[in-house]
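Naming follows writing order (A, B, C and D), and every chain is counted from residue 1.
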């Protein structure tokens, strides 16, 4: 039996791949926004956290796309990093771009948390 | 002026990001398919080519998502790798999974070729 | 205070970055070896595990190079994936290339496990 | 014949892999330095260029580690991005950290340029 396309995966895993891919893309776009905005948005700690978030989201999405059972480990780490990134973005205050990133991180954290437990 | 979301990019660049992301995902799925199928599908040269194709597609998509002007260089390389990967997949013969991968590679090669020239 | 070069990091973190980078490289080389060898070495499950191992090693090394405190999460996942990859490679039997990969995975698992706990 | 370890590759390719890996790591460390320094060092254009440089260096090193013949395409793009990144870092003036990054980028650009032509 093969597991190489969306039809062969559970709906929950396909949703998780989408959430990881979106969070990866939104983090990269938001890093650019933060660098242009400057101030606390552009502090090293915040940019570095968003950068690692983008990286682990890609690694987790790829693990699921590859059909590797060890995706549970990467999804567990992804859930943790995304939760921290969501908090950091939400703490930036009343800023639509940061809330968009926080939302993408929260959705990814939730579905990755479920994938990590399901394994 | 900021360039941090889809609304700030040209339609052509947004399409190219989508094509790169899809090609990246389809290559990873197709690697798994080829490994399970075995034979010529699973030869090192073919798996390695699809792997590099997935990597350069991610690097090019990310360069555009970051808003980096140097995306023209990564898109140029991406167009070349995707063309070779499309040929290799199409040469596998009458196989729906390989044609799907060849199609994704061709679409990515076309739009990356345009992004490389436009810069 | 800055933390942007090897002199500003602990010896243990520098060793962990080296172990992650080496494990990443050895996994990619060993994937090629396994594909050329064929048989059980080239089974999808084994190639996929080594691929995810290479990816999470890169993500963890990069998190430490960036100076991101959230490296503890990626290192925790890296330790788990590397342990599984070491077991799978060691189980391939009397094969110098696989033992070399198993050794690189074990060293990376050990130091990543310590980095995850230290955080 | 297998090509899966350093002994099976040319000295020039092994040197290029080392230069790409070092440039990748130095760019990530220097991004953190620039973010902490602020001002022109932390402008979006500069951080984005160094980020793409780190990405394409990793993609090129990985293509060679995989033994993929298509490394010539990624090395060509890597040479171009590294040259631009070296210029941008050198232009930051009398700053040891930036000169260290410019040197790593120049060495990587030179060897990747040779790998691109040799193919």
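We take it that contacts are C-beta pairs under 8 Å (C-beta built on N, C-alpha and C of every residue); 3 or more make two chains touch, one makes a residue touch a chain.
Values in this document were obtained by computation on a predicted structure and should not be read as measured data.
Taking B-C and B-D together, the chain pair joined by more C-beta contacts is B-D. On a Cα centroid basis, the chain most remote from chain A in this structure is D. Mean C-alpha position of chain B lies 21 Å from that of chain D. Between the CA-based centres of chain B and chain C the separation comes to 26 Å, rounded to the whole angstrom. Taken residue by residue, chain A touches two or more other chains at 31-32, 36, 44, 48, 51, 62, 66-67, whereas all remaining positions touch fewer. For chain B in complex with chain D, the touching residues are 44-45, 48-49, 51-53, 55-56, 58-59, 62-63, 66-71, 73-74, 76-77, 80-81, 84. Across the complex, chain B meets chain C through its residues 31-32, 35-36, 38, 42-44, 47-48, 51. Every residue of chain C that touches chain D in the complex is listed here, in rising order: 2-5, 17, 21, 25, 28-33, 36, 54, 58, 61-62, 65-67, 97.
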